[in-house]
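First chain written, first letter: the chains are A, B, C, D, E and F, and each begins at residue 1.
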């Protein structure tokens, strides 16, 4: 018995689900960020599975772009978190209502 | 390693508890600011970064604190905001012990203060005693020149020790071994002359404990011949080394005004460009008869202090060469029955001599009432000895003005704004000897 | 002998037989050949201690050039110099931070007995604070003396039982250290 | 210095109204506590910009020491050594401090370098310095009781013990 | 064999993912994330995407998570979050329900549509071909996108520098 | 299970008994593991002896002949020393950190060609005991990237060790470590890219095969610059002097491993030296032709060793770098943290990037067959770009400096 594309997609779906739940449950901004990474990875996994299934390299290219964008996103996101947490250590996202009007 | 002994009020206090005067001590005093101005400076930490600081403890058991110095550093990231040296971990009660020992025995006590240059300690104590006795003008020529020889050789060995520790603190491990290797040659000579490698108790009131051994001239010449090329090795390994210069230049800067206000002496004061060397400016022994240059720096940074010490080794070698040429024959100690024990040969012959010898070494000799302060230039700066006598054979009060004790106060001013790694370089460049700091 | 003994005491819980005997030899050999000293310089003796690591004396020959700044990794504490009342608790703490098995060399007369400083400030003998294995005489002991002390300690290590904990026997050089509970009143020295 | 003591004079010289003596060729000025800071300030203006040393002596057992006329011997004496780098001269100030009120104003504002020295004097003699920025012990542990260099403080020696000696 | 690899890697992925959301300490959560990333990399290898697997480890594990850890250590926010305190009573169960239903939905869709998917083709060529194909695709069809991502990266770096630069001017400190 | 073998070693001939290839792989693993351990033991001894020699000392000579067993003594002692996990430590992370440091150091060996016959354009396979195989544990198509990945994982060991100790000095050490390793990873990767572009492959054995003669060695064919940058960046990655700020004994006591004792500390110790050897081997593979022989006057002087000749060459070359590292340790003072960062970001990365661009231009020229004039135009144009970049860079630095000055120093 060898794993088929479906297996990978199901795994990706579960991973995505875990990430989504984490994002909704956790309140530490850093951990929430990690959950987003989980979800991105789930997507990556399904992309590669599709690329494999359709023998089309475009899927892998998409993954490549996702990784680059994820890197950029983490850099900016962590920058924001650093500048916020530096002024008020221990803040959770609930405390971060700075933008509320 | 985390620390330990809790000394409460001696430690660095949190900023919120600081009074205006304490802030002033940290930032304003040496600049002679008014209290209000200093307090204004101290208000700065109200910015939102305040809670980002971390207090770490270097020492008293830390590889780069030269023994048991303890520094509390307040860091922001790796930048040192405040620094407070805490001392006393080697407090030996030497000044109290000095009151129990006779003037004859006092040398054994003081020699253990600055253990990197013991002969200078003995010298200043002996000179103070001689001054109290009023025999300071009668010390034989040979004794004077011998004292100079030993003092200069000791300066060399002390500076070589500095080269070694400075190298070690900055991560140049080989330099440490090389410094020690050369110092060992000097110590070998000391051992031949005094019988001991350190803590000699050789310079005594009235002269020295013994004459120079046969062949001493060759031994000194061997050291003098060996050292120049070794020093050139140092130049290659460190002085000309880009990393070395980067690490030391512009680090731990102190201004002449600050150095004077803090009472710093020795290479620290000279590194700021102030020409002050007691050997030249208030000559003792026969320093006014030899030629040498006072080496001064320009920037007052750690590199200047390094370079000054390196150059002072060379100057000392120059002095030693002149001493070799001019060493007179004669007696190595004053022939004053009161302070000088009889020669060994006479003890076998004469009962009187035996009693005399016995009395000098048990009771000691009486020293007239009065008080005196004598200062000489040790490798670390001005070492002074203050003795108050009540006419008994023991000092009523014996106090040593230790250069390291005063110099160490410069640390907070040199470190402010530097990095942790700079802190290490700064401690190293001040070259404190904790035995002397804590006494 | 139960499993718990082995867990608590390492090999000390095992009774001696040929295999553990051989193993003991190996372990003793390795400990004596690789006893890393902690950097714990105090006074004059520290200079001589460092000198013995330098070119002329070179304790690296015994595998000892690895002066560990962190007490966790050190095996030998060379108490080099006089121990003041203020330093004593620090010294004890550093000793406690060291891992078993550990040995102490008391270097110089000041560490061994207070030396010439019989006064209020100096602890009269470091063996009041930590158990000492070897005393090196001299003020300061020359590097030769220190090396002799180290060699003596090495011999002692090679002959020792490998897993007996120091806390169990409290043994130093034939003396037992009894810990005195700290009193709330500071001990007064020298009030007349 | 306006009125330097001469080598041969017998009458006590004065400087800024304070008696000046000569001790083995060294200039010593005797100050009262009330004029301590003031004279020190004047001395700084005269060029003695560097305070090399500050220490104290406890004259408990030696109250009959010789002092110039007009100086009342007290138990403590604080000794300050000043240095004039420009003219290469030194002066020493001796200040009498009474046992009952062992307080002196701090020299910190004039010579920041005396900070550690004054702490040491406080630690060793119990003479406190008013207005000192950090009046804590420096050499002894913070919870130490007594001031070791006072003459009524024993040296603290314990009898020599020979461990393991046959009794 | 492939089954074994799949199962092991999937266990890694899921255990790591659960770790991320369950560990209280952010550092432990980050370690869980690393585990997941490795699992995903293993999946990539078994699907012949060697290059992506390597990049996954280098970029994600080597850079992004290290950055996370760095920030955690820098800010000292590594104390455990108190998971017992709930701001809204209903949030957690609701999140689980929403997450589960989304997952279920996707799984259902995938399983239903599995006939449209081609089976795993074993024809993937060994050697450098994966990399060459990826490179050719990247630099021909997607070259504009590639250049745009490089611009994005630069903008991100500059923006972050500006964002975190601390001004020491007193007027900023209120 | 048979299917696993080709994944690891595609060259391996699998027609035979199914256990034979597995046995070969297993044997390789075992041999590499043992050689790695012994090599590390030797390296520790070597370093202590050589440093001692440079410092006019004798070095260890009491444990075994010439002190050869010194490392064994250290290891045994550490193994039987009491272990401790500090109270404030994070127990789980504290336990796994040494392994995180140790395992990547070992894994690098998997992709390094340890020998083989590359002479005369052969592809490096040898036939031993009837099995045709590479003298290399695995030859994945992305071998070099694997090494990069492993070296980027190595930072975890250091970082987590410092953090989990729960005290200040190790934390400072680990923050330094992570910043340092991330920074130098970039320079490392960029200089590596120059090699990859010249070689045209990511596989380590392919890279070795590409360097058939000394003029083809990437040391020369990429210009010496990437080699120098790689050497410096690698020293920094390895936390070796003068870049050993992570451990910086004089400042941070022991850095990240301050709180470690016993066998856990031994693992860090081992990992450090293991890394030195494996990264030296990587350097040799990338720039000095790995097991390729050096023809002295047209003769392979080690040819008499037969199939072991390649291995001997590799060892000889690695040896040079081991000596270089010891040499660094004995002579250079340690850099300061900010100087380290400046060197990494403001010197190494721009130079590596510029050099890479230059090489790329030349490569394009070669591919497109532009003539002499075309080359001149290309080189001039790229030089112009580089100069412009450099000027912009300097301007940016000047602005940054001015800003810093106008804001004043801290407190």
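Heads up, the rule we're going with is that a contact is a pair of C-beta atoms (placed from the backbone, for glycine too) under 8 Å apart; a residue touches a chain by one contact, two chains touch by 3 or more.
Just so it is clear, the model here is predicted, and its values are computed rather than measured.
The minimum number of touch steps linking chain B to chain C comes to 1. Among all pairs of chains, A-E has the largest number of C-beta pairs in contact.
Spacing of chain C relative to chain F, judged by their CA centroids, is 39 angstrom.
The mean-CA centres of chain A and chain E are about 5 angstrom from one another, to the nearest whole unit. Put simply, the C-alpha centre of chain A and that of chain C have 55 angstrom between them. Note: centroid distance chain C to chain D, computed from Cα atoms, is 43 Å.
Shared interface positions of chain A, i.e. residues touching 2 or more other chains, are given as 86, 89.
With touch defined as above, residues shared between interfaces to two or more other chains in chain F number as follows: 55-57, 249, 253, 258, 410.
Residues of chain E found to touch two or more other chains are 2, 51, 55, 63, 67, 74, 130, 166, 168.
Across the interface of their complex, chain B is touched by residues 51, 54-57, 167-169, 172, 176, 241-242, 244-245, 248-253, 258, 329-339, 409-411 of chain F. Listing the residues of chain C that touch chain D in their complex gives 85-86, 113, 118-121, 124, 174-175, 186, 188-192. Contact residues of chain B toward chain D in the complex are 5, 7-10, 19, 21-22, 24-25, 29-30, 87-88, 91, 93, 95-97, 99-100, 131-132, 134, 260-265, 274, 276, 281-282, 369-373, 375, 382, 384, 386, 388, 390, 396-397, 399, 401, 405-406, 408-409, 438-439. Chain F meets chain C in the complex at residues 48, 52, 55-63, 67, 69-70, 72-77, 80-84, 249, 253-254, 257-262, 265. Note for the complex: chain C touches chain B at residues 39-44, 46-48, 50-51, 53-56, 67, 69-71, 81-82, 84-87, 89-91, 93-94, 97, 116-122, 139-140, 142.
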